[in-house]
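Below, each structure is written out as structure tokens.
What follows is a pair of complexes built around chain A, which joins chain B in one and chain C in the other.
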Partner chain A sequence: MSSSARPRAPWFLVVLALLALALLIAPLVALLTRAPWGSFAEILTSPVARDALRLSVITATAATALATVLGVPLAWLIARSGLPGTGVARSLVLVPLLIPPVVSGVALLAAFGRRGALGQFLYDHFGFQLPFTTAGVVLAEAFVAMPFLVIAVEGGFRSLNSQFEEAAATLGASSWTTFRRVTLPLVAPALGAGMVLCWARALGEFGATITFAGNFPGVTQTMPLAVYQALESDPSVAIALSLMLIAICVVVLIALRGRIIRPLATA
Partner chain B sequence: MKRPHGLAAVISILLVVVFGSNPSQAAPTPRPASVPVGSITVSAAASLTDVLPVIADAFVKKYPGTSVKFNFAGSSALVQQIIAGAPVDVLATASEPTMRTAVTAGSVGAPLLFARNSMAIATPPGNPAKIAGPWSLSRDGVLVAQCVIAVPCGTAARDLLAKNGVTVRPVTLELDVRAVLAKVMAGEVDAGIVYVTDVRAVGSKVVSVAIPSERNVMTSYPVAAVRDSANPIAAQAFVNYLRYTPSAQGILRAYGFAKPW
Partner chain C sequence: MNVLARFTLEREAFTLRVDLALRAGEVTAIVGPNGAGKTSLLRALAGLERISAGEIRLDERIVDDARKVFVGPKDRSSGYVFQNYVLFPHLSVLENVAFGLRSRGAKRREARQRAERLLLRMGIASLAARRPSSLSGGQAQRVALARALASQPALLFLDEPLSAADAETKNELRAGLVERLAEFQGCCVVVTHDPIDAMLFADRVIVLEDGQVVQDDSPAGIASHPHTNYVAALLSVNLIRGSASNGVLVQQEGAVMHIADHSLDGPAAAVIRPEAVAIHREQPQGSARNVWRGVVTLIQPWEEQIRVHVQAEPPMIATITADALAELALVPGSDVWLSAKAVDVRAYPLALPSVGVQE
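On to the complex of A and B.
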């Protein structure tokens, strides 16, 4: 009875869906077949790989922290403040998400480079230069990855039941206390999902980083840059490093499955 | 009866089309098989970005019916692309070791050397860090960009610094020479180690600090036809044109490249 009530899936939809799945999975499987399993451990413990991995984890984490500190208030502003112009702000947040990362790098140079609008001020007054520094990598990653966090958290704020906040306010809590003790815990799942997406995007950042921060082992050469460089001299090293990055992403997804990713879907 | 008749007509038309239709093609021309036609793709070192399109224009003028497309990048990236099966007809690299990788992999035919180049130091306009020669690059606080060792301009930069007994810690290792030049033009570094032809190509956007020849290093440019080329005749014609014609060699000289011999 139940099976007859359910309409049969049109065969061409199934075929297209399977094609889509194959398109997404086949390259990753192909990568596995090319992996230099024999020298895998040796490659991943080489100084270049260790430096790149360490730098990637540090900068992606720092970029996520920066994006959280700045992005959560921005998400709140867009979703809850009721101020005029928040619709425009929301659209602007999406821009770094949509433009090519190399363009982001050029834009960052224009702003924060030694000859840039803000960068020149920093350089002239403090002798401080962001390009070619680890801080520059963090800035590039935050620029590219923060929109993921803002959009996820904004969704959380938007779907929030404001009765809890009103109750807290009625009971005499200040607006900051209400935000800290009531609002933030309620958006925690969305925040967690946003941070994970932000971290993963920062970990994979390539274009803005190499354009803005350059490429030097241990300072600005993150995993994706090391992969790109290795591809030119030793593709097997590039494949090993790529698999490492994929493994990190898969582990993160599995570890957080159900706890953080799923609430995002229902938020 | 009708059908066989129609078939015969079709066959006879085909026969005319294939064998007898075009008198100009049937006429005896000298070595018709070796006249290059059609399009080729040339993978070339980033330092050839400006000069090769000019030579290609001259090539197309000499062989009407041909067209040349380019794929510019760091030499080692180009070699890896071709080994991986990129649909390319000609490979021109900025060093012999990178070309040797392609030859050893069986991806290209016998290479010909067609030009040589040497190194220069490029600085932003005005030379703010007062770079006077290779020795200036090791000074504290001088930001230097050079190529990564895997590409020819990186090997040449390493050899140049070694020859001058200078130890430099660059702030960035770029993947091709034009990326080094871009960092110099943006004013983000005080100096970049590039080819003399690069500083010439961008004119007043950078200042060139010349390096005397006895303190300089030379690099050679080999070119070869790709084995799997879909257009081997045009590919080999371009290789020969680049190496042997006064026209191509004249353009190379005009862009600052030295003779290959």
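On to the complex of A and C.
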């Protein structure tokens, strides 16, 4: 059989596939048709929208930075160390992906709330509290989004040929130099993809944030929270803010596609 | 630096057992069939593999005693050329070569300058800015060698340095390697499955079979007195060194050998397989370009045939059948004529053309 002779797709598969596509696209199209195009600029430059947008970008970026600093070593440990318990650690990393975000929020409160196991210690010794602060937003976003980064980077470490590290060692490089100058650059495509996924997930975070950090404009009210609040008072504002969020995601994806997704595909 | 390796390395369904002393300034070739443990031996010496029992010493210092003491690869002052080269794909050729200098504490500028000088000396300065992915197999091999040599190691390990190169560049690379290894002051170990490489590179050949050293001798010693069938089949070749020009290889002793390759010029070596050497009682008249006289010194059965060692200029081992032996009535001391066709004399350059920069 020649490779170009593809089997004809059964008609019901085609119908189901088109239905799936419609399901994914229809809400976005509806959003576009219902958008308040006339007052779009006015809504987006309103103080509430500007604060929410600024806060969202700052917290999502900070959460990605936190997830990178902590998540890359964790990914390396799971993929490379060969220590006992790494299998369990890999499963634990997936937990935030599987539990409902609102449950994540409750769990964070249990740990870092004023009465929480760690939160009380922080408050008693440093007078520092996380719930209902911008730092709390960052923590909630990092909690929910870090698994994306860890999984992507761990895959990068795992598929890396260990001979590169051996070569570095025979050239006199310490394990830290090897990690910094060889291992990390070689997993850069996976790290980039992981950071993009992590940032996008943090930007859209809602459940854990509103549960753990509340919904205070300018302090903890990120874009998704602002959308939720606007929906109760003025749906057209909610639609405008939603489109804004979608636009940011699309722009980031396009901007990074050439640099990150493509090298990943060819790596 | 001298190496003392007396150890056992156990892996699943495989045990390597060696007792070797390697001297500075000596090039040792490790040959043997696939799975004999050649690469494991090299990796253990370089510190990439831990031994199971025994010890490895570099000069007087114990670097692995299979228990508490283990000095890692970064502190063994060794350069290692991997079989597939393993150049860092994210770094340029220059940065690859400067890597070892940098990680051993040289400043960025100094490391780059020294790497540049080395590339220039090795005739590959034009590759400095290239990425490894854009190099040919031959170029990558030279860069890998430069990277291993850059920080002037006391030990140099090469794992099948020519196996990834295509047939055309192999001769040129081999000549380059012969030159580099002759210059190298330290202790050098080359793993190869190619008998020609072992004969050309090495002062000493160690044959490994099933994790055991079955023979340890000079190339000439191995060729004339192979201990096992594997060695005999692979390494029992006649090797001649000399200077080539116009299809003739002139030995230092003055003997002349016709070769098929007329383009070869300068230092060269030629290999004649024992099956290609014919023995005659009278001076032969025929197409063979090389005809010379000698005296039979040794006759030994080998597999179903006979090996006849002939003292001549150059000396030869010839493989003949038992029938031929009977017909020629050869005994040690017999005067004989030898002949070999020029096409059966495979010649290899031993030095690079001195003019111009390669590539």
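Here is the rule we go by: the second predicted complex is superposed on the first by the 256 of 267 C-alpha atoms of A that agree within 3 Å, B and C clash if a C-alpha of one lies under 4 Å from a C-alpha of the other, contacts with A are read in each partner's own complex, and residues count from 1 in each chain.
Convention: a contact is a pair of C-beta atoms (placed from the backbone, for glycine too) under 8 Å apart; a residue touches a chain by one contact, two chains touch by 3 or more.
Every value quoted in this text rests on a predicted model; they were computed, and no experiment measured them.
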{"item": "Superposed partners chain B and chain C on chain A - clash or fit", "value": "fit"}
{"item": "Partner chain(s) touched by A:Tyr123 [first = chain B, second = chain C, both, neither]", "value": "neither"}
{"item": "Touched partner set for A:Phe40, first chain B, second chain C, both or neither", "value": "neither"}
{"item": "Partner chain(s) touched by A:Glu166 [first = chain B, second = chain C, both, neither]", "value": "second"}
{"item": "Arrangement angle, chain B at one end, chain C at the other, chain A at the vertex (C-alpha, nearest 10°)", "value": "160"}
{"item": "Touched partner set for A:Tyr228, first chain B, second chain C, both or neither", "value": "first"}
{"item": "Touched partner set for A:Phe179, first chain B, second chain C, both or neither", "value": "neither"}
{"item": "After superposition on chain A, the shortest CA separation from chain B to chain C (Å)", "value": "49"}
{"item": "Contacts on chain A seen with chain B and repeated with chain C across the two complexes", "value": "none"}
{"item": "Contacting residues of chain C [partner chain A, same complex]", "value": "46-48, 72-75, 78-80, 82, 84, 86, 88-90, 99-100, 103-104, 147-148, 151"}
{"item": "Complex interface listing, chain A residues touching chain B", "value": "109, 113-115, 129, 131-132, 210, 214-217, 219-221, 228-229, 231-233, 235"}
{"item": "For the chain A and chain C complex, residues of the former touching the latter", "value": "161, 163-164, 166-174, 177, 181-182, 185-186, 188"}
{"item": "Parts of chain B lying in touch with chain A, wherever the complex brings them together", "value": "74, 76-77, 80, 84, 143, 145, 148, 150-151, 170-175, 183, 186-189"}
